[in-house]
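Each of the two complexes below includes chain A, the first together with chain B, the second together with chain C.
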Partner chain A sequence: MSDATGIRLIHDDYIALTRRKRLYSGILLAIFVALMTSGFMLADSRNAGGFWSGLHRVLDFPKTVVAEAVDKAAELPGHVVTYFPALVETLNIAAVSTLTGALGGMVLSMLATRGMARWPALIPVFRRIMDVMRAVPEIVIALVLIFVLGGGPVPAMIAIAFHTTGALGKLFSEVNENASLKPVEGLASVGANWTQQMVLGVVPQVAPNYLSYALLRFEINIRASAILGFVGAGGIGYELKNAMSWGQGKYDESAAIFLMLFTTIVVVDQTSSWFRDRLTHGRRVEMLA
Partner chain B sequence: MTMTADPSALNGDLKRQASALFRTKRTWSFALPLIVLAYLTYAFFAFDVPGLIRTASPENGQTLLRDSYSYKTHVTRDNRSAEVSIAVEGERKGAYPEGASPDWVTLGEVTEIRLAGGGLVTFGPEEVSYDIPGYGLVTARPGDGGANATFPPGDLPEWINASKNRVAITTDEGRLTITRNRTELFRYTTGWELFFFTLDSPYHGKGPGELLSLALNGEAAGIWHDFWYNPMWMHASVAWALFETVLMAFLGTFGAAIVALPLAFLAAKNFAPLMLVRQAFRRLFDLFRGVDALIWTIVLARAFGPGPLTGALAILVTDTGSFGKMFSEALENVDGKQIEGLSSVGAKPVQRYRFGVIPQVTPVLLSQVLYFFESNTRSATVIGAITGGGIGLLLTQAMITQKDWEEVTYYIVLVVLMVFAMDWFSGWVRRRLIAGDGEGH
Partner chain C sequence: MLTIEKLTKTFGGKTAVDSASISVDRPMMIGIIGRSGAGKSTLLRMLNRLTDHTSGAIRFEGREVTALRGAAKREWQADCAMIFQQFNLVPRMDVVSNVLHGTLNKRSTLATLFNLYPDADIHRAIDILDRLGIAEHAPKRAEALSGGQQQRVAIARALMQDPKIILADEPIASLDPMNAQIVMDALRRIHEEDGRTVIANLHTLDTARRYCDRVIGMLHGRIVFDGTPEQLTTGTARDIYGADASFSEEATSTQIDALTRAKVAPVHA
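For the complex of A and B:
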C-alpha cells in the first residue's frame, strides 16, 4: 500500500517536473519565435526593397550574369587569364596573413599558457591582448590603413594578420594546454633557454594541431581577403567591384571572376579538409614496419 | 620465419630506416623555415612594399591620430566685414551664437585668443598678431598687397610657411592662417567636442552634479533628449546602427540554424539511407558555402536593395551551408541506442527524432551556433559596409569624408565593445545551456 503511494508520489513529482520544464522550454521557444519574426519584420521595413517584392527577383541577377557569360563564352578564358594575377594576389594576401598570424599566434599562445609562459605573471595580459586582437573586425584596421598607406594588398594583409593572430592564438593556447610539459622540463634541466624549450619541447607535439587550425584559418582568410578587396584593398574583390560597376552588358567579366572565386574557395576547402583529416587522424600507414 | 633467421640483418635494416626517417625530418625542419622565408620575400616584392613605403603618407596618420583624441575650434575673422565667428570643427552645428565665446576668447574691438602654453593671438581692426612663446611676436596687416607680415629677425623656422599672400603658422597648440580676406585660427583642445550636448542646448557646459540635480527636478527627459539627439554625434542613430548590426547577425545565424537543421537530417548517413538524396544535399551545402558571403551579398542586394535584411539574408544563406555540413556531421555521431530504445517502446519517427536525437545533439549544435553568432557580429560589420546597413556603413562613410576622425574612433570603440559584449554573451549562454543543464533542452 505505502509502496504504491510512494511510487505515485514519485510519478506525480516527475510529471510536475516535466510539465514545468516543458513550460519553460515553451516560453523560451515562444520568445525566440517572437524575436525572430519581429526581427525579420523590422529588418524588412528598414530595407530599401521589401522581402516579398524582391523574392521573385532573386534569380534575375544571376540569370543575367549567366546568360551574358553563355553569350560570350568564348571570351571567358581570356577574362580568366586577365584576372588571374588578381586572384593570385588575393591568395597571397590570405597566405601571408595566415603565416604571420600563425607565427604571432604561436608566440602569444605560448606566452599565455600556464607552465610554458616566459613571464607567468603576464599570462592574463597576453590573454587580454589576444581577445582584443580577435575582437577588432578586419575592416576597421583595413580602412584605417588604406587611409594612411593607400590602397593595395598590404593594408588587407596587415588587417587579416592582426585578427588571425588573435584567433589562432586562442586556438593554439587550447592545444598547448593538452601538451605534455615533460619535454620542456627535461630541456630546462639541461639548460635550454626559453626559445629552445618551446621550439624543441613544445612545437613537435603541437605542430599537427597547429597546422590543422592554420589551414582552417587559411580558408577563412581567402574569403576575408576577397571581401576586403571589395572595400578597396586590392585583389580579386577589387576587380569584382570594378567589373560590377560597368553594369549590364559587361557582366561576362563579373561572371568570370565569380567563377574563379567560387572554384578557388571550393578547391582550397576540399584540399585543406583532406590535409586536416590526415593531420588529426594520422597517416593510415605505419611509419616503421 | 625470416625474422628469426638473422636478427642482426633486421637490426641493420631497422637502423637504416630509422636514420632515413631522421634525415628526412632534419631536412624538413631546415627546409620549412627556408621555404617560408623565401615565400615571404616573394610576397614582399609581389605586394610592392618598397613602393608602398614611398607613397605612404605619414601626415595622414598624424592627422588621424591627433584628431582621434583632440578637436579644433575655428576662430575666423572676415577681414572685409570684420566679423569674428567661432565654431567647433568649423561646422555650423558647432557654431557659437553671435556674441558668445569660449572662455579663452575675449571678443571686442580687439579679439584676444589665449592658447595653451602661453601663446596670445589678437585680431585687431587693422593688425593681427601672434605672440609665440620662445620665438617672438609675429604681426600682419592683411589688406591690399597680401598678408603683409613681419617676423622676428632671423631665418623663418620650418613651422612658418610664408608667402606674399598667405602666412601659415603651425604650432602644437594651434594653427594661424592669414590671407588678405580671412584670418583663421585653429585651436586644438584635448577631448571629443560637444560629445554630450551641443552649444545650443541649455545643458551645455554643466557639470554632472548640476545635471543630476536638474534631472531630479523633472528635466530628465529634456536632458536625455538633448543628449540622445545631439546633432553632432547623433547618438540615437549610432545606437540604432549598432542594433542593426547585431540584428543582422542574429537573424542570419539563427535563421540559418533553423533552415539547416531539417536539411542536415537529409544529408546525414544514418538518417538518409538514399545515397542520391544525401549527395544532393551535401553538394547543395557545398554550393552555399562555396559561393562566398561576398557574392551572396551582391546577388541579394540586387533583389532586395541595400539594408539590414539583405545583410541578414546573406549571412543566412552562407551559414546554412556551414551549419548543414556541421550539423549533419554531428548527427552522424549520435548514439543509436537511444533511438533504438524509443522505437522499442513504440515511438513514432517524429517522436524518435524529438526525444532520441535532438537532446543528444542540442548542446553540440547550440555551441556551434553561438560561436557563429559571435563571429557573425564581426562579419555583419563588413557586410553592412557593402550592402549599406548598420555600423559598417557609418564607419565607411565617416572614413570616406576623411574629416571627423574622432567619430571614426568613436565607432571603432563601439564596434570593439559590441564584439566584446557578444563574446561575453554567447559564452554566458553556452555555459548556462550546456554546462548548467545536462539534458540540453
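For the complex of A and C:
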C-alpha cells in the first residue's frame, strides 16, 4: 500500500488524465457536430428544390404507388407472372457473376497472399490489380460495355463479375492470411506444384469462409444486377424503370416488381444465413470433438 | 439471509446442479469444493443470474432472486458481485475505468458510454485499488497487468459495486501460488473488514480449509458435504473428489509451504 503523499499523487494524476481525455472528447464532439451541421447546410443550399420545403412531400410517391396498387390489387398476380422471367434473368446475372468473380478472386487472392504467392515479388502488383477492380463502379463498366456490345445481360454480367473479383479477392486474401501454411509445406515436400498445393492444401481450410463471403456477395450482386437494369442491361431493373416513370398509370406493375424483389432478397438472405450458420455450426462440432 | 431451495439446472438431458439446498443466516466465507464438472460454476452463475435455473428458488433478504426480470434482475446483479477465473476485464481499457464499471447499474447509459463518471467515484475507485495494493497501476491498460494484478482489479470492480454478496468462481485457478495467496488474503480481508458474504469455488482443499468458515462439497451436481472445515475429514474429501486411498490433500495444494511436502507424498500412478 502506498503512503499518504504517494496515493494523493495517484489521485491527482488520474483526475488530471480524466479531465484531459474529457476535454479532447468534448472538442472532437464539437467538431463533429459543427461539420455535420455545416455540411448539411451546404448540401441544402445547393439542393434545387430545398430540403425543408420538400420534406413534407417525401411520402407522396410511395402513397401514390400504394394507392394505385391497392386499387388494382386483383391484377398483381398477373403482373408477377409477367415479370417472373425478368426476375430470373436478374438472378442469373447475379449468380453467374458471383461464381466467375469468386473464382477470379480466389486465384488473385492466393497470388496476393504472403507465404502462398506463386511469385512473391509480384504480390504488390496483384494487390493493385484488385484495388483497381474494386475501385471502378459496376455501373461505369456496364455503361461502357453497353455502348460497345449493345444492351442485354452480358455487359451487366461482365461488369458485376469484374467488381466482384476485386471485392472477393480482397476478402479472400484476408481469410488466406489466417490459414496455416503447414499443410502447404507438407504438400510441397511430396513434390506437388503450386496449383496442387493451393487447391489441395489451402482450399480445404478456407472453403467455409470463402463460401460465407461469396453468399454475402451474391445478395449484394442481386441488388447490383437490378440496378444495372436501369441503364439498359435487361432483367427486372429495366422493367421497373419503365413501370416507375411518372404519369403512366403503371404503378401497380412497379408495386408487383418491388414485392418480387423484396421477396427474393428475403429468400436469398434466409437461405444463405442458414448455410452460413450450418458451416460455422459444423466447425464448432469439429472443434469440440 | 440467503436461502437456496432445491435449485436444479439441466442442460439438455444432463443435470448440472441437482436439487441443491443451502441456507446462510449470517455473513461468512463459504468455499465450494468438488471435481471439475461437479456443478460449482453453474451454481454460482445461477446465483448471479448469469445462467437461468430450471427449477427451485433462490431467496435473499426477502427478494425472490430467481423470479427477477429486466431491471430488477440487473439490480440484483449489482448487489451480487462476481469474480471470474479468467478475470473478465475489458483488456483495452485502463484499470480505473474497469473498476468504475462496477457502478454501471447505478449510472445513466449515456454518461457511461462517454466514460463520464463522477469525480467522487473515481476517487473511491483509486482508494479501493490502494486497499488492494495496486493503486500505482491505475492509469495502465488492464491487459498490461499480470494475472494476479488483474484478478485484484476484478476484485476492486466487485467492491466498487458495494455488493451484499461476492461470488468468486475459481478466483485463483489461473494464478501462481504467490498471487493465489494475495488474492485469497484479499477476499478474506474483505469478508472480515466489510462483513460481506463471500462464496468461492475452489479447486484445492487446503485453500478452502485455510480461508473458509464453511465448506460445501459437490459431486455430480449434488451437495454431498456441508459443514465446518474441521468436520471435513480426509475420508469425506475422498468421497467429494471421487478419489481412492492414494488421494492426498497436499497433491492438490497450491500453497508454497506445502510444495516440499507434496513431493515427499507417495504417488501411485
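Definition applied: the second predicted complex is superposed on the first by the 278 of 289 C-alpha atoms of A that agree within 3 Å, B and C clash if a C-alpha of one lies under 4 Å from a C-alpha of the other, contacts with A are read in each partner's own complex, and residues count from 1 in each chain.
By our rule, contacts are C-beta pairs under 8 Å (C-beta built on N, C-alpha and C of every residue); 3 or more make two chains touch, one makes a residue touch a chain.
For clarity, every value in this text was computed on a predicted model and none was experimentally measured.
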Quiz item: Are chain B and chain C a fit on chain A, or do they clash, once the structures share the same frame?
Solution: clash
Exercise. Mind telling me which of the two, chain B or chain C, contacts the most residues of chain A?
Key: B
Quiz item: Thinking of the overlay built on chain A, is A:Phe84 touched by chain B (first), by chain C (second), by both, or by neither?
Solution: neither
Quiz item: Does the superposition put A:Ile15 against chain B (first), chain C (second), both, or neither?
Solution: second
Practice problem: Applying the touch criterion given at the start, work out whether A:Phe51 contacts chain B, chain C, both or neither, answering first, second, both or neither. | Solution: first
Quiz item: Between chain B (first) and chain C (second), which does A:Ile139 come into contact with in this model arrangement: first, second, both, or neither?
Solution: first
Practice problem: With the two complexes superposed on chain A, say which partner A:Trp274 touches: chain B (first), chain C (second), both, or neither. | Solution: neither
Quiz item: Does chain B (first) or chain C (second) touch A:Pro62, or do both, or does neither?
Solution: first
Practice problem: Go through the superposed model and pick first if A:Trp119 touches only chain B, second if only chain C, both, or neither. | Solution: neither
Quiz item: Now for A:Ile7: first (chain B), second (chain C), both, or neither, which partner does it touch?
Solution: second
Practice problem: State the stretch of chain C that overlaps chain B in the combined model; pick it from 98-106, 170-178 or 188-196. | Solution: 98-106
Quiz prompt | Contact residues common to both interfaces of chain A (with chain B and with chain C) | solution = 25
Quiz item: Can you name the residues of chain B that touch chain A in the complex?
Solution: 14, 17-18, 21, 36, 39-40, 43, 46-49, 52, 55-58, 60-61, 64, 244, 247-248, 250-251, 254-255, 258, 286, 289-295, 298-300, 302-310, 312, 378, 381-382, 385-386, 388-389, 392, 395-396, 399, 402, 408, 412, 415-416, 419-420, 423, 441
Exercise. Could you pull out which chain A residues touch chain B in their complex?
Key: 25, 32, 35-36, 39-40, 42-44, 46-51, 54-55, 57-58, 60-62, 89, 92, 95-96, 99-100, 131-132, 135-140, 143-144, 147-150, 152-154, 157, 223, 226-228, 230-231, 237, 240, 244, 258, 261-262, 265-266, 269, 287-289
Exercise. Can you check the complex and tell me which residues of chain C touch chain A?
Key: 96, 114-116, 119, 122-123, 126-127, 130-131, 133, 135-136, 138-139
Self-check item: chain C-facing residues of chain A, complex
Solution: 1-2, 6-7, 10-11, 13-15, 17-18, 21-22, 25
